[in-house]
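Mind looking over this structure? Questions follow.
In this document, chain identifiers A, B, C and D correspond to the written order of the chains, with residue numbering beginning at 1 in each.
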Amino acid sequence: MTRMVNKYRLYQIVFESDTKAGKRFDILLLWCILLSILIAVLDSVPYLNLIYKNEFYTIEWVFTVIFSIEYFMRIYISPKPIRYIFSYWGIIDLLAILPTYVSLFFYGYHYLLVVRILRLLRVFRILKLVRFNREAIFLLRALRASSYKIGIFFSAVLTIVILLGTIMYVVENGENGFTSIPQSIYWAIITVTTVGYGDIVPHTILGKFISSLAMIIGYAIIAVPTGIITVEMSKSSEKNKICPQCNTNNIETSNYCTNCGSMLKKN
Amino acid sequence: MTRMVNKYRLYQIVFESDTKAGKRFDILLLWCILLSILIAVLDSVPYLNLIYKNEFYTIEWVFTVIFSIEYFMRIYISPKPIRYIFSYWGIIDLLAILPTYVSLFFYGYHYLLVVRILRLLRVFRILKLVRFNREAIFLLRALRASSYKIGIFFSAVLTIVILLGTIMYVVENGENGFTSIPQSIYWAIITVTTVGYGDIVPHTILGKFISSLAMIIGYAIIAVPTGIITVEMSKSSEKNKICPQCNTNNIETSNYCTNCGSMLKKN
Amino acid sequence: MTRMVNKYRLYQIVFESDTKAGKRFDILLLWCILLSILIAVLDSVPYLNLIYKNEFYTIEWVFTVIFSIEYFMRIYISPKPIRYIFSYWGIIDLLAILPTYVSLFFYGYHYLLVVRILRLLRVFRILKLVRFNREAIFLLRALRASSYKIGIFFSAVLTIVILLGTIMYVVENGENGFTSIPQSIYWAIITVTTVGYGDIVPHTILGKFISSLAMIIGYAIIAVPTGIITVEMSKSSEKNKICPQCNTNNIETSNYCTNCGSMLKKN
Amino acid sequence: MTRMVNKYRLYQIVFESDTKAGKRFDILLLWCILLSILIAVLDSVPYLNLIYKNEFYTIEWVFTVIFSIEYFMRIYISPKPIRYIFSYWGIIDLLAILPTYVSLFFYGYHYLLVVRILRLLRVFRILKLVRFNREAIFLLRALRASSYKIGIFFSAVLTIVILLGTIMYVVENGENGFTSIPQSIYWAIITVTTVGYGDIVPHTILGKFISSLAMIIGYAIIAVPTGIITVEMSKSSEKNKICPQCNTNNIETSNYCTNCGSMLKKN
């Protein structure tokens, strides 16, 4: 009996964040994740790696052990362990600890690099902690509602960069960095998104003229996704209550109809 | 009789996308177009062209034959073949197959390049498949409704870049890449659109000061087209009630028609 | 009598654009201005100047004579010639023809450059032709209405770039292009406006960190002027009619109140 | 008695800006601050420093004495001097005069640089003068209201740049400038914010492909903060009616209070 109660209590702490202990656990975990990411990032700096190699190694193992304990605790507590293991977050949790163990067996330089990427997947675990956040849901809902329109916008952008890339490849005659169509499309993306690295630039007069058009297109069409998302957010932020007496739209927080003064139901 | 029915059935499949078979045909065609574009793009990479020259050549011919069959089928099925041939989409369809046949007769390098551009016109055929798309129409209508205001905005931008280019040509004294007014206008466009390649940069103190102004202008006035399009989309996205008496569009919250005063049904 | 009628008729053609002849005159003038600008721009290209020097010179004089005739015609027709001469547009009109006459007396290279700038002032004459345009007035009104807020925004941006410039000057120790505070402020403007020429880039680790912050600041605060102008345009585009019966706000185009159906006055 | 009246009069001039004298004092102070900043900026230019070293030194001392007098006057006038000294603005006021005095004792080059930064803190004093500005408060309120959503947005951007940086570090194999993960994150920030210095650019094909994705992501997600701030400003700019019964804010078009149902006065 007591054990089950304890297990339920642990479940509340580890999986939920409504209780005080649950919130503390989440914040502790957040700091562990952030610190372990920081260590993984600093570890990649050749200068620091040379000096603090052993320290980084030790700290990495400390975090890995902490995350491993957390992972097995989650499996133990969970009412449906198998379901947790193969869930989206379960796989992220596993991938966040696996690389360090894997690195024990593989010593090749390139493998270590891949391990490093996997280690930085812990970044995703931060997202898990804000999973139930209301404001984040608001943003995601607005993005999802406008995803179809944004898809069309991106198809149009893709069409533009493919055409621009092909034209510039012909115009610059395969020279000045425009060595192939994919390379020219890469240039078109750099230009249309207004990034402008400057590693590939047109050298012919016609090329410069087409570039100018590409820049102005890129500069102007950014207004389209901005308009789409602004309108969608504006809609999401106005949820209405309909008055049962006079059918007037009232804003979400209203208790009485703004038109006839009759009472509104609570949402 | 049967033949005519078959022809009508084929018409539904090829020209319309309401039936199941019509949808499947559209998706199959979309994949063919996308793959043929991909092949045309990869073919331009010198490294790949060297190794897979023959494979690319064969695949290109396969797609050209497929598109040719489709083109002649459309002419055969269409109730008004001449009208289809000289329609906008008919010309695009023809241009998408012609280049490969043309390349049989011309072997010069530069001609082949032009052929490649024509081949990539197939990108436009994708647009045809989304022709009747509702969301795309919404976007286009918002753009068209604000096209006049955006035209004014572009006239203002053009005036600014011409003046900036001329001033910088004089200030930098025709040196440091500012070798002529068109070249300086090219620099002004790079700067005002915030692309910033860095291939032409001011070297004099006054030139740097004017550049700073140009950057801040470009940074700020992007807000103008964004505002225009957002307002236009916001208007378009408001759902309307059609008046049963006079067909006027009324906004969603209206109880009476704004044009003739007759009562509107509740939504 | 006839002469006065003719003068009035000429006044309508030259100064107004409501009549058919007035519109034709405006369009003819617009093309002359655009062509004369194009010639002035092309004339600055060393290659073209070498070949077509005489042609450019002749065309330039043709346009100057046309504009001179137009200028003196305006003085002759205008009921208050002195007022026209010293008006804003009168001075622009004079400046657009003066440089070519001035160039007869001065042959120095640098003087010619200044003359070229003055010649390109003709760009402003285009603005005159759209002077009474309704949509342009709408845009200008929205910009003017939000000018105070945008002024505050620019003060904030200026404060940020001065501080960033000073900090980077100290951090980079006056090296790597950060040779003085004004130079560092120039870098800060390039970075915050997301232009990113790349002619001055940080080389120290701390400098790169501060740059990253500057970029993210610049990337995010562009939202502020966009928001200001969008809201202002949104307001301008909704002019309302108040219902005399029930005080409901109706949109500008309504003839009947959307709430009670009573008739609205014409604006 | 008279002395107290004088002190109160001085308080009005120095601390408040409602009276005519107070406004004049503020504008005089603003010019002093702007000029002293300009001198500090110009002083850092090696060329000007060489020629006008003494002039700059003298002017700097004149301003420091003026600001010192102002500082001590504020302490003398203030009813609660201790509170003023340790207030936010009091510390800024002190930091704005301290550096010049400090520079009397330290002659090292680097110390002087830090002194220069402190001197430019006077920029903040300008903000003090617009402290009570209504429009600025409007902007700040909109920013504060959307700060939580913008925080989430920045977390997402941070996650994206960390992941992109790590992936590019592995893909470019630690070469071509991608020498460590922090360096690669610096590149990712340059790319996602569309700044695009071009000091670090991908050289591998896979790297260029990932860059293209990064650019398009950066180009598109700028729409998110813009949408957030536009919606927030749009809300703030709607004028409210205050309910006489319960002090609730009602939107402009309401006839009855949304909270208690009591009737609202017509505007």
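What we mean here is this: contacts are C-beta pairs under 8 Å (C-beta built on N, C-alpha and C of every residue); 3 or more make two chains touch, one makes a residue touch a chain.
Treat the numbers as computed from the prediction; the structure is a model and nothing was measured.
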Looking at where subunit C touches subunit D, is over half of the residue numbers used by both copies, so same, or under half, so different?
-> different
Which one of the chains is farthest from subunit B, going by Cα centres?
-> D
Just give me the whole-number Å value for how far the CA centre of subunit A lies from that of subunit B.
-> 29
If you average the CA atoms of subunit B and of subunit D, how many Å lie between those two points?
-> 41
Two or more partner chains touched - positions in subunit B | 182-183, 185, 194-198, 218, 222, 226, 228, 230, 234, 253, 255
In the complex, subunit A residues that touch subunit C | 194-198, 226, 230, 259
Residue numbers on subunit A that touch subunit D, as the complex places them | 37, 40-42, 44-46, 110, 113-114, 116-117, 120, 123-124, 126-127, 130, 133, 135-136, 138-139, 142-143, 150, 154, 157, 182-183, 185-186, 189-190, 192-199, 218, 222, 225-226, 228-230, 232-234, 237, 250-251, 253-263
For subunit A, which residues are in contact with subunit B within the complex?
-> 148-149, 152-153, 155, 159, 162-163, 166-167, 169-170, 173-174, 179-183, 185, 191, 194-198, 201, 205, 208, 211-212, 215-216, 218-220, 222-224, 226-228, 230-231, 234-235, 247-249
